[in-house]
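Common to both upcoming complexes is chain A, partnered first by chain B, then by chain C.
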Partner chain A sequence: MAYTEKDKVTQERLVSIAADWYGQMAGGQVPSITLPTRTKANIEYDAKTEVWKYGSKGTTRTANSAKSALHILKMAYVVGFLKQQLNESRSSTLREMYYISEGWKRAKFAAQDESNMLVEDLEIVTKLSREAFHLRPEEDGASIYGPLHLREQTKRGNRDIHCQENVGEAGYPIPSNVENIKFLDHDASFIIAMETGGMYARLMENGFDEEHNAILLHLKGQPARSTRRMLKRMNNELGIPVVIFTDGDPWSYRIFASIAYGSIKAAHMSDILVTPAARFIGVQPSDISDYNLPSDTLTEGDTAALKAILTDPRFDTEYWRHQIRLQLEIGLKSEQQAFASRGLDYVTKEYLPTRLSEMGIL
Partner chain B sequence: MAYTEKDKVTQERLVSIAADWYGQMAGGQVPSITLPTRTKANIEYDAKTEVWKYGSKGTTRTANSAKSALHILKMAYVVGFLKQQLNESRSSTLREMYYISEGWKRAKFAAQDESNMLVEDLEIVTKLSREAFHLRPEEDGASIYGPLHLREQTKRGNRDIHCQENVGEAGYPIPSNVENIKFLDHDASFIIAMETGGMYARLMENGFDEEHNAILLHLKGQPARSTRRMLKRMNNELGIPVVIFTDGDPWSYRIFASIAYGSIKAAHMSDILVTPAARFIGVQPSDISDYNLPSDTLTEGDTAALKAILTDPRFDTEYWRHQIRLQLEIGLKSEQQAFASRGLDYVTKEYLPTRLSEMGIL
Partner chain C sequence: MAIAEKLASQQKSISVAEFFEKNKHLLGFDSPTRGIITTIKEAIDNSLDACEEAEVLPDIWVSITKLTKETIRIAVEDNGPGIVPDNVPYVFGKLLYGSRFHQIRQSRGQQGIGISAAVLFAQLTTGVPARVISRTGADKPAYLFDLMIRTEKNEPEIIRKEEYNWDRTHGTRIELEFTGSLAAKRRLIDYLKYTAVVNPHARIQADIDGEWHSFERVSDEIIVSPQAIAPHPYGIEFGTLKRMAAISKDNVHEFLITGFSRVGLKSADQMLKIAGIKGTRKAKGLSSEHLKTLLAAMQEVDVPPPPASLCLSPITEEMIVQGLEKEFELDFVKARTRKAQVFSGHPFIVEAAIGYGGKLDQEGQALLLRFANRVPLLYQQGACAVTNAIAGINWRSYNISQQSLPIGPILLLVHVASTNVPFTSESKDAIAAIPEIEKEITLALQDLGRELKNFINKRDRNKLAEDRARAVCSIIPDIATKVAEIVELPPPDISPIEGQIMRRVVAKKKTEDGMVGVSVTNYTRKPIEVMVYSLSEDNQEEAVPKPDFIDVIGSEFNAVWRITIEPESAWKATYPGKGRGTIDIRGVDEKMKVVVDLDGIY
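== the complex of A and B ==
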C-alpha cells in the first residue's frame, strides 16, 4: 500500500505538534501542550451530531517540571516514530511501539498504559484516529455476513469481496483499519449486530439475511473500535438502519451504549465511532415475561450495574428508565439464546420480525 | 447443505446407544452405559499415534439409582434431539441445546456444564466429534493467511477461496466445522501458528508468507477445537511442518502443549485434534538472554505454573526440562512482540529464519 494523500495529512498534523514546540522555544518560551480534561465532568452532549464529546475544560502541560518535560519528550519521540512509519508505509501494534520505546533512553515508557494514553492524546490534538497513524489494535475479529459487496485495499492490492458469495460460513472478518474499505454495492434493508457467535450463526443458518435483506454483524462481546467504525460507516454510507441484539443484562446494555452513545474513554472519537441512530432490539427486560423466557436471578453485581445505569446520562430516556426499573423489580435477566427454549426458529420467525415491525423497519 | 453419508453414520451411532438400552430392558436388565474414567490417572501415552489418550479404566452408570437413571434419561433426550437435528440438516450451539432442554421436563439440564459433559460422553461413546453431531461452539475466530487454496462447503453452496488472493487483511476465518473444508491446492513449505494478532499482522505486513511460502495462522490465545483440527489437517494432508510461536511464559507453553500433546479434557479427541509433529519455535527462555529481550519478572503464579509443568508428563523431555529450569533460574519472561525492541523487521529477518534453519525447516 503506497503513501497516500491521507498519510501526508496525518504526517503534517503530527509534525506540526513538534513545530509548535520549536516555535515556542525559538520565541524564548517553555514548550507546552493543551489537552481537553478527560473526566466524566467534561463530557457534553452535542445536539447537532447527537454524540457525547469532550467539553471545553482543558489541561495544559508545560515543560517547567521534570514530569511534564518528560511527557513532552516522550510525545516527541512518538511523533518521530509515527512520522517515519508513515513515510515507509508501514504499521505497528500499540504493543510493538511500547517495545520500540526501549531504545528511547529516558523517553522509554514505563508501562503500556502510558503509551496508550499518549496515543489517545495525539488523537485528540490531531483530530485523527490512531488507525490514521497506522497503529493497529492487538485484536479485531468481528465479522459480517450479508448482501454487501465491498473492496478492501490491502497491502497486497485490492480485494473485491461479496459478503455472502465470496466468504465461508464465518463471514467476512472486519480488518483493523476500516478506512481501507470501499462499499461497492449492496442489497440490504438494515443491519443487525449481535452479541454472541451463537446468534450470528443462528440467523445465518435460518437464512434471515436472505429473507429480510439483512447484513448480519457479530460484535464478539464489547465491540472493538473497528467494529463500531464499520457500523457507523454502513449506517451513514449505505443509509440503512442499525439494530443491536444483545443479552438482557446491564453489561449488554453497555455494549449498546458504546455503539449508540459512545464512551468517556473514546469521547474524542465519537464523530467517527458512534452510531446515534442505532436502536436496541433486545433482549428487553419486558421480553422476559412477554415471551416467558428462561431466566437467571440478577446477581449483586448486576443490580449495582443497573442502578449505575439509572444515573448514566446516556440512558436518561423514558424507554431505558422504564426497562431498567422493570428489571430491578422482577430481579431477572435472560440471554439472547434463551429464545431457543421455544424452538430454533422462534427468534427469526417470531421475535425479530415482531420487533422490527414495531420499530417500522420491516 | 444436504443430509450426507457422514450424517447418516453419525445418526446410526447415536441411535445405537438408545438401541442398546432397549435391548437391555427387553432382556430384563437395568439399562446401563460404560465410559472411560476421565481423570489424569487414566491418561496414557499412545506410542503409535504419539498422542495422549484415555486408558482402560472405565466407569459404569446403571439406572438402578435415581441419579444414574436421570443421567440416562437426559442422554436419551439429547440423542433424540441430535437425531432430529441431523435429519433436518440443521445445527445448534451447545448453549441453544441447553435452552432447548427447558422443554424436557425432568430431563432438563440444571446448568450448561452438565449438558457439555454429556455431549463429551457422547463423543467418547460414538468415537465422533460434536461437530459431527452439528453442535457448534459459541466462538471460533482464528484465521489463516497464506498460499492455500481451499473449498468450504457452506449452507449456501461451495466457496472456493485462496487464502491470499481472495481475502482481506484479516485473512480467512476458520469455520466452526473444519470437516467442511477441502484443500484444493497449495504452495506452502510450512505453517507458522502465532499466539497474538500483533505478530500475525507483523508477519503478513513483512511479507513472511510470500518470502518463505508460509501459511500464517493466528491462534487467538488458547486455540479453539476448530483451530487445532485445522492445524492437524494441514499438517497431515498438506504434508508440511507446523511450528508454534508464542510468548515465553508458562501459559503460552500450555498453548503449545494443547496443540502438540493434547489435553485431559479432550483426550478422547486426540486423534483428530492433536498435531504431535508440531514444534515450538519460541519465545524460549534461552532467547531472553541470547537476544537480550525486554522482559518482565515472573509472578508467583508464573513460578507455580512452571513448577507444575515440570511434573506434567507432556513436558517430560530434555528440551523442556532444560528450558523450564533455566526460566525458573533467571526469573524472567518475554512476549513475542518484544523482538520489536530491535526493530520491526528483526523477528522476520533474523529470529525466525535462524530458528527455522536450526530446525531444518528452512
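== the complex of A and C ==
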C-alpha cells in the first residue's frame, strides 16, 4: 500500500491528539481527553441521515487517577504505533496490534477488548474509520448470493465476479474492506439478509433468488462491519430495497437494529454502516400465533432483554412497541426455521411472498 | 417409722462449701481448663483490689508450672498491703468471707467466694493444701500458711503456720496445685492482656510454663479507690430496709437522712408524710407493715441519682486509649466515658472504645473486649448485654459490614462499672440485659461509630490522593515521553503537574507577548505565607502588584513580594519584559515547593 494523501490526513489527525496532550502538559495541566459517552442513554436520532448517532454527552478522562493515566498512556502508544504504521505503509489486524502491545511494558493491553475499545475511541476522535488507520478487521464478512455483478480490487489485481453465475454454493464472501468493491451491474429487485445459515441454504435450494430476483445475504449472527457496509452500499448506490429475516427473539431484533438504526458500540460509524431503509420482515411476534409456529417459552433473560428494548430509544416506534408488548404477553419465541413444520417449501412459497407483498416489495 | 420421720432423720443443714463443691460450675470451675483461668482471675482481682485500697501501683507476678502430666501449680504474687496473719485462714479458707459484700462501691470482687473457691477446687482435684505467704509491712514478719477448707463446716483448717523469711516488705502470695491442662493457654494470655488494657497502672508479668509474658505499666497514676456510699432509696429491697432499721438507733427521720444517699431533710419529710409515719418514732420500732409503706413512699419521692463520682472509678478515655495502644497496634482508637446513670438504685458508668486497622484480623467478626468493674469477661459472649447492644446497632450506617456483630479489622471495648454489676450468674461471665445499661452502651458506641466513619472516609480519601500521586509519579512521565516522541519535540516539564497532584506549592514564570507572568499556586490544604524572589534584567518596578521590595544589583533587578495564599488559590504578578532571569520562593518546606521556568521549555 502506498502512502497516500488520505494517509497523510489520517496521520495528522492522530498526531493532533498527541499534540493536545503535549500542550496540556507543557501548560502545567494534567493530560485529558473527552469522548462521547458510549451508552444507550447517549444515542440520538439524526433526522438528516436517518441514523442513530452519539449525542452530546461527553466523558472526560483525566490522568489524575492511576486508571485514567494508564488509559491515556495506552492511547498514546496506539497513536504512536499507528503513526509509524502509516509512515511505513504497513497494515495489521487488531489482534496483531494486541500482540504487538506485549512490548509496550506498562501500556500493554490486558485483553483484546481493551484494544478494540481504544481503536473505537480513536475512530471517534479522528472521525475516521479503522481502515484509515490501516487496521484490518478480524472477523469474516458474510456471503451473498444473487444477481449482482461486481469487481473486487484485490492485492493480486482486479477480479470480476457474478454472485450467482460464477460462485459456488457458499456464495461470494464479502471482503473486509468493502471500499475495494466496484458494482458493475445487477438484476435484483430486493435483498433479503438472513440470520442463520440454514435459512440462507433453504432459500438457495428452493431457488428463491431466481424466482424473485433476490440477492440472498447470510448475516452470520451479529453482522460484521463489512457486512453492514456492504448492505449500506448496495442499498445506497444501487437503490435495492433491503429486508431482514431473523429469529423471533430479542437478540435477533438487536441484529436488525444494528443494521437499520446503528449499534451503540459503533454509533460514531453510523453514517457509513447503517441502512435506515432496511426493513424487518420477520419472524414477528405476531407471526407466532398467526402461523401457529412451534415455539419455546421466553427465558428470564429473554424477558429482561425485551423489557430493555422497550426503553431503547431506537425501538421507540408504534410497530416495535406493539410487537414487543405482544411477545411479552404471549411469552413465546420462535426460530425462523420453525416454518419447516409446515413443509420445506412453505417459507419460500407462502410466508415470504405474503410478507413481501404486505410490505409492498413484491 | 413414718415417712416424715424417716425423712427428718436425713434432713440437715448444708454448708456453703459443700454446696459449691457440688455446684462448681456456678463459680466458673466447670472444667479443669477453665478452673485455671478462674483461679488466676480471682487471684489477680484480689491483688488489684488490695493494691487500689492501699494506693500502691500494682506489680503482679503470675507463674504456672506443669508439675506432672496432669498437675499444675499456679502461683500469684502481689505487692499489695498484705493480710494480717489472723485473717489469712478465713480469707483463703472460708467461703463467703469478705470485706466488700456489705459495701456499696465499685470493686472487682464482692462476695468473698472467688479465691476460697479456688482453694476448694485445688483441694478437690489434688488434695494438696493451698500455700499462702503474706506480709503487712517491713517492720512485721511474713507468715507462711498451708490451708485447707473443712467443707462440711465451711471453716479453714490450718495445716501449717510459721514465720517466713520473705524478701518482700509487703504483699501476698498464693500457691495452688490442680489437676488440669494448659489447653486454654491462648485464652489465659488474652485474659492477662485484656486485664492490662483496663489497668494501665498495673504491671503484670507471667511465666506460663517457661513462656514469658510481660504487660508493662503505661500510667503511674495511682487509682483512687472508690468510696463506699449509703444505699440509694430507689431499688432497695425490703429485707435490706428491715435489717438496716433493726440495727438503727435513730428516729425514722434521721434514719432516712443518714442511712440513705441523697436523702435530705425535705425528701425525708415528704417520704414520711406519704407513708403517714411520724418522724420522731424510732426506726427500730417500726413494724413490717410500716416498713412496707415507708418503702413504697421512698420510691415516690424525687431523689437525685447516687453520687457516682464517689463510688465509681471509670478507667477514663485517656487511659483506655493508652491501654489499647499499648497492647494492640491500631490505626485508629477512640474511647468514650459516659455520664453516670442509675438502674434500680445502683449507679453505673458505661465506657466504650473502638479500635480499627493495624494488626487486627482483616476479616471475620470484630474483636469484642467486655469488662465489668475492670475485670475482663471471657465466657458466654453470646449471652451478654454488651453483645446484644452491639448487634442491635446498625453498623452499616458507619460503612462497616455486619453479620449480627460488625465485620472487619475492628476492636470493640465495653466497660460497665457499677456498685452492683448485674451478672447473669455467679460465675460473672455475662452482664444481664438491663435496658438502662444497654441504652448507654448503644449511645457510646454510636458516638464512636460516627468517629470511625469519619476516620475511614478520610483514610479512603487519602488513599485516593495516594493513587493520584502514584499515577503522577510513574505514569505521567511515560505519557510525556511517548507524546513528545509522537510530536517530535523534547519532553515537557511535568513538575507543575506533579505539584498540583501532590498538593504542593508551585511557582511558575511564563512570558507571553512581552509580558512576564510570575505566579504562585497553593495546592496544599493550608494557607501559606511566602516570599517570592524574582531576579531579572527586566525592570520590575512596573510590576502589578508592586513588589514589596526592589533592589538593583548591577544590571539586574531583584524584586521581592511577601504574600499570603489561601489553599487551592493562586497569586500572580505581571510586568513587561523578555522573561530573562530566575524566580524562587521561600517560606515553604523544600519538599513542598515546585519552581518551574516555563520560558526555558520550547
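To be clear about the criterion, the second predicted complex is superposed on the first by the 281 of 362 C-alpha atoms of A that agree within 3 Å, B and C clash if a C-alpha of one lies under 4 Å from a C-alpha of the other, contacts with A are read in each partner's own complex, and residues count from 1 in each chain.
Note that a residue touches a chain if its C-beta (ideal position, glycine included) is under 8 Å from a C-beta of that chain, and two chains touch if they have at least 3 such contacts.
As the structure is a computational prediction, the values presented were derived from the model and not from experiment.
Q: Output check: A:P31 vs chain B and chain C. Expected answer is one of first, second, both, neither. What do you get?
A: Once the two structures are laid over each other on A, A:P31 reaches chain C alone.
Q: Of chain B and chain C, which one touches more residues of chain A?
A: B
Q: Could you look at A:A76 and tell me whether it touches chain B, chain C, both or neither (first, second, both, neither)?
A: A:A76 sits against chain C, while chain B stays out of touch.
Q: Touching A:A18, do we find chain B (first), chain C (second), both, or neither?
A: Second partner only.
Q: Once chain A of both complexes is superposed, is A:R95 in touch with chain B (first), chain C (second), both, or neither?
A: first
Q: Check whether A:A170 is in contact with chain B, with chain C, with both or with neither, and answer first, second, both or neither.
A: After superposition on chain A, A:A170 lies in contact with chain B alone.
Q: Within their complex, state which residues of chain B touch chain A.
A: 90-93, 95-97, 99-100, 102-103, 136-141, 143, 152, 154-156, 159, 161, 164-177, 180, 196-198, 201-202, 204-205, 220, 294, 335, 337-341, 343-344
Q: Under the definition above, what is the set of chain A residues touching chain C in their complex?
A: 15, 18-19, 21-22, 25-31, 63-66, 68-70, 72-73, 76-77, 79-80, 83, 106-107
Q: Inside the complex, what are the residues of chain C that reach chain A?
A: These residues of chain C touch chain A: 464, 467-468, 470-472, 475-476, 478-480, 482-487, 489, 492-494, 496-497, 500-501, 506, 508, 596, 598, 601-602.
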